[in-house]
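Read the structure below first, then the notes.
Letters A, B, C and D name the chains as they come in the text, with residue numbers starting at 1 for each one.
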């Protein structure tokens, strides 16, 4: 069992710390909320009066904080972690922060001779309580191997995301996709309602197509991801269908800003000469728009 | 076995007609392409010189045409279907056209005392050949019941979509969602590449979350679709995460027009006082924007 | 003075016809609204029972109709203009319709040996009454020269827009720009209000800059339109300022979908390597997105 | 003549400081760039080794820095302005920074008993050299009165923008409008080119309409700004025209993301029951989307 400093005892951090205690780890806990500290002391943790004090003698330092400026301050501020951190210890930031700030923090720690990795979590506070979080681990193989027994006290699935900084990156991508998809789904559902169509019927159909299953595991793997853009369904036709949907939506007064933006992306793909390519070639189109044309493909 | 007029022998129509022949139906076929007619005559169909001629004596008239103006012309034009259609026959439009035009056509047929339904198909031309199309049936129960034996010669799954006009509606919604989702997926994948993150890792994570599985069967059923918008994940936080993703994307030169449009939808939801509601409440927000606030919920 | 068939006596057409009568022209008028015909007959016009009847003996045929399908039907339908049109007459369509439909109509007339031009109007129905409309004339020099005396009875400014079809094109561009600009202006004004800034102060400042005066006559002429994209104000900085504005707007709950879309256009310009070019180089960027890179510059 | 500390001697700051010297003011200058300091010392300025040193004995402290974090650090950091600032002095921040940060800085200075105003500038570095900048003055009447003689050494037009923080606000609005308008203008110009229409003709027309002159001083003052939304040009028609423009653009492969976003704003206005209101009522629509419906109008 390990000696662990745990800093940040909020809605997620408190149950995560509790699960570490249950597994028999020795915890030094710190938060600005004294009540949160007290509740963990009852469960066997040792209270600390500063990040530096919590870090004293710890093999692992875990931070679970609301934003990157706080992580920076906890690490590098007065009475911060670096004041008493052993060069043999491993710092694990589990907060959800800006990925480019994660990079800066890891680099700054590394300059001081300290080892740091990022392991943000997926799922909800209920899973934090149950110890069944999804662990998105950014770190070297050695870091991940070393941290795994500790991390698995808090979650039940660990995905190695690549080197340091990759944990927070995969969390960002996942959140981006699910949050924007929520807005797109709302447009489709409201158009459905405006058309007088049963949503249950729409769901039944969409559950069997990329509309419901997504493209990542259906249309893309055998086409654009293999470099094959011969048309199963042409960009020209997809563009035409989007135009019909937007026309209907505009007749029925259903605002569809994401749909409208999509149509212009397909429009641009056609302007680039991709009209008769497969619709999955839109990936290549967006890569080009991002200036990635010259790089190696994924 | 039935006597069927089949009008429109293109990439989809030809194999569909072929499958009807295989099942033993008697077919009168018409197209402007004489070669297409000849190939079906070889398989046992009877050639017709006009839609009216094909319709003579038919119990079913199936149209599979590239656009709604052609369907109109085939039905109502000189030498059109209506010239020789029996009031006992059933017209089945399987084309993919504008839904509001479908409504007009069905209403115009009805005024003349004719029965018409819409059954556009899902899946690809390979499935048309194999007789495994998805059949999206818009019609009365009686129409659907009557048409089912004929339709099932061409597909292996029939989804009753509601009354006349609902088949084409559900096809529109499904296409809208899948086509726009393709554009959104491309943004996420390109941001992933620009961040130096392995796409395989991103997929592994997204396949376990709404990012990959969609919201229709994950987050929505127990929240907004039940009228519960207490926050599992707040709109304020979703908005914040979108802002971070867009900030990163703009630093890395990845254009994300759908993401940018999404953020303004969440922004508007917050302006409407929904910041502390669950992110699935975005559905209600979009309903309001479409002027549906006063109607019954779905 | 000329003999003129005038077809379409709506809110704009009626006063336009009235002004032709005042100048002493002889008018044959047709509309489906008998009251509108009657009111012009009182002023000296001769009633016609069909477009063909109105066209009988006319040197000019003017159409002022709500959409292109009606123009087509008036020209080519039963009892249409073509039934009695003299090959020496000139048809002037003053309706606002789809430019590509204008092209088709002019081409179809030309095939039949008829001369047709497009002269949509600018300004309002008040100007139609006063005879001070803006005339956007698409036609050959000969057509424009011939039509000018007739047209100037209805307006006080005639802009030759180029050959046939160019009148309706310039109207489209002008409407596009002014209608979308209205939406953008609303975003700026609402952000102003949300910031607690006096709108009068904002106006005073914007009236002296491209924000109020536009770019066409201020920043563009000496930069991108001359092929000079050396930076007076860099795209990188414009992109940064947009980011600040959107950040403020999102903090204050002001949805700015046009601003958000703009930022992604600048983002794409940076991805294309234009970050250190002048902001007016965005024109070149948009040209490239439209696949116009290889053409001659404007 | 006044004793002035001038901090920030970049492309704008250096000539501004030079013009203050020419008017006979006594300058203490500081920058991290020693060369910039040296060039001003040659012109009569006195070099300082820190912001605090420059501030010693100064009646005015002018900051002209690249971002808000630097302004904060120059004011509140070690050897910062506050170390030696007299409570009688006036601090004038002329930098272009985030407005909400300006508010924080002014509030923090006020808590310490110091007087601070924001006067960002308009126009270019050429105008900085010529002393003809536009001065956007945010401050109390007393602050503005006191600062005017000093400011007018650097510019030739001073616009009082309201109280502290309003100078930076009006700069933000102006920049937002002009930068987004540049993107919109590019869409219109490229559509013009794709339509084969002369840009000179389009300019000639637009220069006489809101397309070129903007709405602030043309359509708005007599309609929505007076509370009159009776239609001179209906939102329904504006929406229809946008639809035609987008349809043409999509046929011609001209991506128009701002136009597409605009159409959805008009779409939403129609959904809110404004279809038959004047197009200027879009301002009210956007106010509502921003949650401003209940507030006093502008």
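Couple of notes before you dig in:
Just so we're on the same page, contacts are C-beta pairs under 8 Å (C-beta built on N, C-alpha and C of every residue); 3 or more make two chains touch, one makes a residue touch a chain.
A quick note: this is a predicted structure, and the numbers were derived from the prediction, not measured.
The chains in contact with chain A and with chain D alike are B, C.
Using mean Cα coordinates as chain centres, the one most removed from chain D is B. Spacing of chain A relative to chain C, judged by their CA centroids, is 48 angstrom. With centres defined as mean CA coordinates, chain C is found 36 Å away from chain B. One inter-chain figure worth recording: chain C and chain D are separated by 32 Å, centre to centre, where each centre is the mean of the chain's CA atoms.
Shared contact sites, meaning residues of chain C that touch two or more other chains, fall at 247, 253-255, 257, 260-261, 264-265, 268, 271, 289-291. Against chain C, the residues of chain D that register as touching in their complex are 96, 98-100, 122, 124, 134, 136, 157, 159-162, 166, 169-199, 201-217, 219-220, 232-233, 238, 241-242, 244-245, 247-248, 251-255, 257-262, 264-266, 279-280, 282-283, 285-287, 289-292, 295, 298.
Every residue of chain B that touches chain D in the complex is listed here, in rising order: 257, 261, 268, 271-273, 289-291.
By the touch criterion stated above, chain D contacts chain A in their complex at residues 239, 243, 247, 249-250, 253-257, 260-261, 263-265, 267-268, 270-271.
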